[in-house]
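Notes to accompany the following structure.
By letter and in written order, the chains are A, B, C, D, E and F; residue numbering begins at 1 in each of them.
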Amino acid sequence: MRSDRSAFPLNLPTYLVKSAVRAALKEDLGAAGDITTDAIIPADASSEAAIVSRQDGVVAGLDLAEAAFRALDPTISFRRLVEDGGKVASGGTIAEVSGKTRALLTGERTALNFLNRLSGIATMTAAFVKAVESTQARIACTRKTTPGFRAFEKYAVRAGGGINHRFGLYDAVLIKDNHIAAAGGLGEALKRLCAGRRHMVKIEVEVDSLGQLEEALKFPIDAALLDNMTVETLKRAVKLVAGRVLTEASGSVTLENVREIAATGVDLISVGALTHSPRILDSSLEWKR
Amino acid sequence: MRSDRSAFPLNLPTYLVKSAVRAALKEDLGAAGDITTDAIIPADASSEAAIVSRQDGVVAGLDLAEAAFRALDPTISFRRLVEDGGKVASGGTIAEVSGKTRALLTGERTALNFLNRLSGIATMTAAFVKAVESTQARIACTRKTTPGFRAFEKYAVRAGGGINHRFGLYDAVLIKDNHIAAAGGLGEALKRLCAGRRHMVKIEVEVDSLGQLEEALKFPIDAALLDNMTVETLKRAVKLVAGRVLTEASGSVTLENVREIAATGVDLISVGALTHSPRILDSSLEWKR
Amino acid sequence: MRSDRSAFPLNLPTYLVKSAVRAALKEDLGAAGDITTDAIIPADASSEAAIVSRQDGVVAGLDLAEAAFRALDPTISFRRLVEDGGKVASGGTIAEVSGKTRALLTGERTALNFLNRLSGIATMTAAFVKAVESTQARIACTRKTTPGFRAFEKYAVRAGGGINHRFGLYDAVLIKDNHIAAAGGLGEALKRLCAGRRHMVKIEVEVDSLGQLEEALKFPIDAALLDNMTVETLKRAVKLVAGRVLTEASGSVTLENVREIAATGVDLISVGALTHSPRILDSSLEWKR
Amino acid sequence: MRSDRSAFPLNLPTYLVKSAVRAALKEDLGAAGDITTDAIIPADASSEAAIVSRQDGVVAGLDLAEAAFRALDPTISFRRLVEDGGKVASGGTIAEVSGKTRALLTGERTALNFLNRLSGIATMTAAFVKAVESTQARIACTRKTTPGFRAFEKYAVRAGGGINHRFGLYDAVLIKDNHIAAAGGLGEALKRLCAGRRHMVKIEVEVDSLGQLEEALKFPIDAALLDNMTVETLKRAVKLVAGRVLTEASGSVTLENVREIAATGVDLISVGALTHSPRILDSSLEWKR
Amino acid sequence: MRSDRSAFPLNLPTYLVKSAVRAALKEDLGAAGDITTDAIIPADASSEAAIVSRQDGVVAGLDLAEAAFRALDPTISFRRLVEDGGKVASGGTIAEVSGKTRALLTGERTALNFLNRLSGIATMTAAFVKAVESTQARIACTRKTTPGFRAFEKYAVRAGGGINHRFGLYDAVLIKDNHIAAAGGLGEALKRLCAGRRHMVKIEVEVDSLGQLEEALKFPIDAALLDNMTVETLKRAVKLVAGRVLTEASGSVTLENVREIAATGVDLISVGALTHSPRILDSSLEWKR
Amino acid sequence: MRSDRSAFPLNLPTYLVKSAVRAALKEDLGAAGDITTDAIIPADASSEAAIVSRQDGVVAGLDLAEAAFRALDPTISFRRLVEDGGKVASGGTIAEVSGKTRALLTGERTALNFLNRLSGIATMTAAFVKAVESTQARIACTRKTTPGFRAFEKYAVRAGGGINHRFGLYDAVLIKDNHIAAAGGLGEALKRLCAGRRHMVKIEVEVDSLGQLEEALKFPIDAALLDNMTVETLKRAVKLVAGRVLTEASGSVTLENVREIAATGVDLISVGALTHSPRILDSSLEWKR
């Protein structure tokens, strides 16, 4: 399900996985722990189960799901039948887990909360990527993420074949409408910015008209965010830019209109919904024995 | 938009608000900070803006949005035109903010990420609550939440007029299908559990048939979770229970079928989608001057 | 020493053990570390020792004691001669430890501080449990715990055969005298509360007279806390309640009067002293070689 | 109640107070908060109450109690009628508090858990200090403290007029019996230690016989811990030392025998029970209006 | 002392300042606090002092110095006679501080440790910036920073008129010699990289010969790091690049040779010593009264 | 390179190593991770490399360097050719590392940042220690350290054969000029201090004249810090003290004048530059295959 244009390998820093899983288990266990499982299941019982998908989709988050079980039982066996970025069909098994019964029951919801959410994002991203197949356009995410969960949501976008826009306010410059309003105009904003620009930081400017685009192109920018433009205007913008900077379409992008937008020739299409309103990919832990 | 049956006041522990906002700003600012705003806007500039909704909905998360701006400028003014749990119409102003321009621009996305997500959950919850209006059924959430964000998602459900189910594995007992499988039967699970039950902890049992329900009712349980039953079976289950314990319907609940489910006489209807697949309520920061 | 009525297994979430041990070692080692041991003992020396009790009692906290040594030497051997909840006699060995000499000497006080404190609580709890043997009454703890150490103190109460009351303000409702005063009466407090009650949360009300008890029983509560009543009044209260809700006696409970209180027929007797004023069970690390 | 020999002012680093109070409130509030108070008390209600002692004693921990309320309502008024280290009589008011009703009710137990525990330690310490009045002996604490709570327990000892021994393994050298056993003798241990001694760190040696004491005095040590010696032996030890180093008696010290021990002429008497087995000073929050 | 080419304003995220100051005070105060000051100075005494420089230099770190005092006394007055990025002469006053005597004495070393270190970096940076004055070259820092202190060291470089290179491995791509060795050649490394490149991330490649430079220029890179080249080779490299990408000289740059390097026409000169081996700017707290 | 007078073994608490390495990797990896390495190197590739010094010096920090690689690949092999405190010559190999290629490349800078900085301090310390060889004087560090990094810098001083002065304000008393000014005189300060002195805490007083020294010697102090005195005055001070307390010279100590200072007979010479202005020992990761 990974875009064939992207060879960017998937990797999630280990320390992020560990600390997120620890926090999630703490959130679910509190000070009393799993009072249901502890009361019913002997400490030494073992079991087997499988994570089975109830929908077609693209998987993401297996490191997190595995780490959730492993934090509760370091000897757990977690066998993946598909890797992050791979497809699963409805009814298909994503992974087989065996180990301490208590660890399986206590870790189930935490593991699935990570896996289903991230797989949902990967699945939605993959649908957009597929919709623009064979065009030059790539699908990107935004900073409209769940507070505290961004690194994982951005990772899921990569798993679905999309690419990541800025990770935060710190790693690239994006001058938006409110910046322009506050600075008293696009030219003024860009003039101030370029005076002290860092050489390893890219600059993108949000424009909402061809006039603004022309003004922006007078400065040494790297990309232009074409905000909420019609397909017609996008085409003219791409023509105007003529490859001098990257072009990114954004605003009200849906699975229905994304291909038409891609056909305008823009380099990137950013889709806020990938991270602000995804549906989960529904999978569950099926008990074997 | 708050359920008229619920007088439960909204409250979010301050320490949760502060630590979540601090973490979210850290996630967005990193070590370099807001390199766009810092380059364009003088430190002493002031501005005014308004948070305007682009959709009809129910608001939740204002404490978090305000705290995001305040963490960047302690002297910010944040005037609410609606409170959490209140309705906003498309185009309506949720709050007016004024203070340091840098704080407005740098805090914008973090504030909206909290507000839009939680308002989305409140709005969806309110729709379900409205759909079962004038029945005895109440709408509840589940543990299918974003890791690390559960306290806020549960709060948003309350803001929408719903009630919270367990906050975690620690505050109530819920024996589910996998527990029963692992324990070797419902009776065995309940026997073990009741031997050591804590007097201030409630016990709910998930059953998927009337037979299982009858077996469960032999034990001193507080509630029965009727999982994935047809409307017909739900009716018979409610009749069988006859008020001895609370009844909760769950599984594949939608806005379309929720009223029919409520009409079966169940006390509660739990809806995983409220927290696992909500859409945001889209609001944005409109610049005034 | 575990109550025969309680089959509730002992379990302490691993993440709690790890983080408490890490914090305790940090508190004891600071930035300079164990300057005595590091100066005297070569890094590769090995030793054997035993944790020996100087008193009769019930053991609790072995996971924490073991984790303290293991954090300093992952290859340590820690052999338990008794498990948490089990009895030890004066002069009896609780556990045998062998491994790096430095780890034994540096971890000694931290391990014993956990073990002796929790065993002290378990021992005191067991004495109360034994005192009410063959009555229906169970011994419960309160929220009068050491800040930051509650989860472990509550665990020690379970190890001694007692049961846990609320873990915090979040997992059950308990309306106390000051709530009633602030709300302007018991009836008003209960009315407000029941309007928005969560279905999986129990409600207990503190009453100090039979009149107040009668008023409380008009509401759908789960338990009544009979505060500082005489044995005579307790008997009448139990009779008045007639099994409709659980009854809990509290206030000035001692080993001397607890059996008399139990004989009144109350379901629970809560004892603040279990966690607010326990004596340690004195054990020490005896050097073998 | 402060020892007249001690002018050491009481001070507790602010950052310790803040972080301990934050952790304690988090422990008590969890993710759901105070579900009793939030359901019963309107957000804007105000009240007055007093912290009243039920026993005679010495107070410690007011900064923590005040901070607990202030964390919930920054505008709270907290008027102290006695300061840390001062005496309170049974029935006497320690402090008057007024502010948001919710803050008073929600913070009550956390504030009292700090105050009652620390006042209990201060009270017990003061009793020992009084018992040795007009002797040269000073009362000291040990490292037998509650994990994570040591800084506060040590502070309470100071409030009671005692002095603090080591805060941890890092700030002074104390060679104990197990070090001697592991090093193969007292002489060997001291030889290794003195080779690399830091000039600003004191060295104390635990000895259990006069012979061992004589051996230790051959080295440049600062203090001798006379462990579990009879009163007769202590006298001979003090004579043997003849003021060359400080002498500290320890082991089985009680209020009954402490004066006799002091009369032997030792400089210090360390009492583990001050921090390992204190009883609380019982105070409670009395509602005014 | 700020480069006239740079209008990039100085800003340090508040949360970084607060958490670093808190950690530094915790490191210095431990659990016992400032035992010297607390014993000597009454809690209510006030004083005035001045931070005076003993050398000529450029100041950086005033927010941190002020925050160190303010954390100990929120009412402290801290008047700056120079701002970050400004010059101070030997004997000149940097700031005047007045407030609680205890806060001044306890915070002195922490405040100066921040200020002197960061001013040392700013001063060294300014010397390099001055040395290349009126050339096109800009002075940049590297990732050779003190673990845990990078954000502040990078800030100090900005204060001295330099620009920041990458903040970490996460915000730009830099292919170094070891990457090339591990990937089996520069071409292979670049091919893999460009396949999945993120549009808002810049790519720089380290080359150590003109041949390697030519190979790198075949790919869409943004900058070339010319490593350890002679001045002669640098000139030829700049000519070869002909403005297509940015050129950065690095390796063995000193105040003696930096101007000669700048004269080759490179855009940037990165100097590891700015952050790996700076000398402090010596300032001290002079007591007024 | 360790001073032959010092047998104080090197030890760094494990928990400090782990948490510092985790924080350093987090600082370098952020949320996106090592975007260069992840894009170029397959997850399963393995490599070998060596840490080679480019200068003569004394090594310190190997535990931290190893832990940095191990955190990224737990199966890494890290073979030390020299231990902390040992000498390395220019071109000499410090350690050989083999394991996952990604771990080597991603961990390289973090490992070297620890190792080079601490080895730089050890090397500088060793130079001072060698300069005073065969005198009685020992070389000590100060509290002029990098905020948050003190424990490691103090450790490096030990590795170079120096001894550690105070670790913070909490573990010894040092009355400095500003304390004396604030207290209204040396005598007053000492009088207040001695009233409440803790028996296990040493007291040092900073004096800047022989008169002040004489005054200080009237009190039971342990050491005198002779601040910024000429060699002639130091000699007279040592004679005046006559072995009653330790003498420490400080102020403007350099490699050029340290032997002359030592020859005055002082016991200690403290050198701020060891930790406030060291140069790194330059080592790098040389790729093998």
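Here is the rule we use: contacts are C-beta pairs under 8 Å (C-beta built on N, C-alpha and C of every residue); 3 or more make two chains touch, one makes a residue touch a chain.
Just so we're clear, the structure is a prediction, and the values are computed from it rather than from any experiment.
Taken together, chain D and chain E share the touching chains A, B, C, F.
Relative to chain E, the chain whose mean Cα position lies farthest away is C.
Taking the mean Cα position of each chain as its centre, F sits at the greatest distance from chain B.
Between chain B and chain F the centroid-to-centroid distance comes to 52 Å (mean Cα coordinates, whole Å). Computed centre separation for the pair chain C/chain D is 22 angstrom, with centres defined by C-alpha atoms. Separating the CA-averaged centres of chain C and chain F is a span of 45 Å.
Looking at chain A, residues 7-9, 27, 29-34, 39, 150-151, 164, 167-168, 170-172, 192, 196-198, 201 sit in touch with two or more other chains.
Those residues of chain F that touch chain C in the shared complex are 7-9, 11-16, 150-151, 154, 164, 167-168, 171. Those residues of chain D whose C-beta lies close enough to touch chain C in the complex are 20-21, 23-24, 27-37, 39-41, 45, 47, 49, 101, 104-106, 108-110, 112-114, 116-117, 120, 143-151, 167-179, 181-183, 189, 192-193, 196-198, 201, 276-280, 285, 287. Residues 27, 30-31 of chain D are the ones that touch chain A when the two sit in their complex. Across the complex, chain D meets chain B through its residues 22, 25-26, 29-34, 38-39, 42-43, 71-72, 102. Chain contact summary for the complex, chain A toward chain E: residues 5-9, 138, 140, 163-167, 170-172, 192, 195-202, 204, 222-223, 246, 248, 267-268.
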